[in-house]
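For reference, chains read A, B, C and D in written order, and residue numbers begin at 1 within each chain.
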Amino acid sequence: MPGSRVVLDIRVYLEDTDAQGVVYHASYLRFMERARSEWLRSCGLDHESLRDDYGSQVVLSAIEARFRSAALLDDALCVSADVVETRGARMVFAQEVRRGDRFGALVCEARAEVACVGADDRRPKRLPSKLVGGPKR
Amino acid sequence: MPGSRVVLDIRVYLEDTDAQGVVYHASYLRFMERARSEWLRSCGLDHESLRDDYGSQVVLSAIEARFRSAALLDDALCVSADVVETRGARMVFAQEVRRGDRFGALVCEARAEVACVGADDRRPKRLPSKLVGGPKR
Amino acid sequence: MPGSRVVLDIRVYLEDTDAQGVVYHASYLRFMERARSEWLRSCGLDHESLRDDYGSQVVLSAIEARFRSAALLDDALCVSADVVETRGARMVFAQEVRRGDRFGALVCEARAEVACVGADDRRPKRLPSKLVGGPKR
Amino acid sequence: MPGSRVVLDIRVYLEDTDAQGVVYHASYLRFMERARSEWLRSCGLDHESLRDDYGSQVVLSAIEARFRSAALLDDALCVSADVVETRGARMVFAQEVRRGDRFGALVCEARAEVACVGADDRRPKRLPSKLVGGPKR
């Protein structure tokens, strides 16, 4: 799907690291969620408007992640979110974390499956049409 | 106020540490909040019942913390919460994090001021009477 | 591999939740890491002894997780770690997060691939024999 | 001390919030640490160079924070770090978190006391001269 990529620059702070001297693995999931939230914003929505205007939430239903190399404290990272599939209540993102910029060394790559659910009943719900077309240009 | 102390054993995991090789400072605030939640539970309440039965939330309104020594990955810690003052919508806890048990070396000590607010309007609200008497014996 | 299962009880605190009113997805990865650390401890090792006595670290190299239902603030959870494969520098854990106890409703299930690496060079390194046999009885 | 203020824009993501529907209190400490790290960077240093070139670390030794109003998911915040005192191994920062920009509504204000310690022995150590003069212009 063309026109659906978002890239976010992220600085590694102490909070993201652990006593092994590198970025704690679950921090990459936080970084990837930030990129998906920015993707949402690039479509003209955020979590609040999704809830208030559509009665919906987007939630992570599954993730497959591979950690290729370790990022370090003070590193500048680049996190991407590409929509590779959209159908009904479900979207799939291909995501990467790279060192420096989008051509930098691969730190982590993932396939994140996101579901749209009702904010009240948490049952599957069709994605707002704004999200199906991808980011606004 | 007698009968108002709760002590919680906490293990330090990778998630709690940072690249300086010690426990990340904000982790101690998470640990101390866990102890205050256990104090709540010891009074026969939790966050859910506070909201559902009283329409209330307890929120941290101020904290003064001093970090005395560093805790390390794999350490066993002991976190305490003592109510030292209760009035109207406001409680004050004296809290300590110690290494090993409650007689262990002092890692962190704090004074945490907690406010009871309406779950909807977030305005100050009288504390439920269950909380004023302290933990059930 | 018989004798290789560890189960850990975990309470959900405010720090683990998010504004969607449920446990934040990356918190489950933190919970599953705690269970793997307890598995390590059940084998007579921890992160510190692994580094000091073996010059080694265990790091997550890949994870596949599926989020089945949402856990809530104040929930009691049960997190398991089962070693399903061990070879050379690599172990695979099957992990589950369930509500209540090990027979409770499934919240999250995962396959976590862990690598043993040199603490200094972060290159693959044979697992200590203590870890190959599973937990001590 | 003139010329020593750093301001950092921060977006509130799901990871920063809790089930009370607002930013989790310890997240503000993470935000304020990010601003102090950016202050360090504005002086031409970061945690890595501090360790490698000076054998030093900066650690939080005490904090007093007051939470004035609640920030929400998707909010844009502005976090400041002002050096108000420097002496020997010790610096004091006045910090604020505001909604929107530096003139926005006050969310949190704090006084953070930071110590410079040896990276190996964690004993007090004179601050590098680069840090005493404040940010480079």
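Observations on the model:
Throughout what follows, contacts are C-beta pairs under 8 Å (C-beta built on N, C-alpha and C of every residue); 3 or more make two chains touch, one makes a residue touch a chain.
Just so we're clear, the structure is a prediction, and the values are computed from it rather than from any experiment.
In summary, the chains found to touch both chain A and chain D are B, C. Remark: among chain pairs B-D and B-C, B-D carries the greater number of C-beta contacts. When chain centres are defined as mean Cα coordinates, D lies farthest from chain C.
Centre to centre, using the average C-alpha position, chain C and chain D are separated by 32 Å. Distance between chain centres (mean CA atoms), chain B to chain D: 23 Å.
One inter-chain figure worth recording: chain B and chain C are separated by 27 Å, centre to centre, where each centre is the mean of the chain's CA atoms. For chain C, the set of residues that touch two or more other chains comprises 14-15, 19-20, 22, 26, 30, 33, 47, 72-73. Those residues of chain C that touch chain D in the complex are listed here as 14-15, 17-22, 24, 26, 72-73.
Those residues of chain B that touch chain C in the shared complex are 11, 13-15, 30, 33-34, 37, 46-48, 72-74.
Chain B meets chain D in the complex at residues 19-20, 22, 25-27, 29-30, 33, 47, 57, 59-67, 70, 119, 122.
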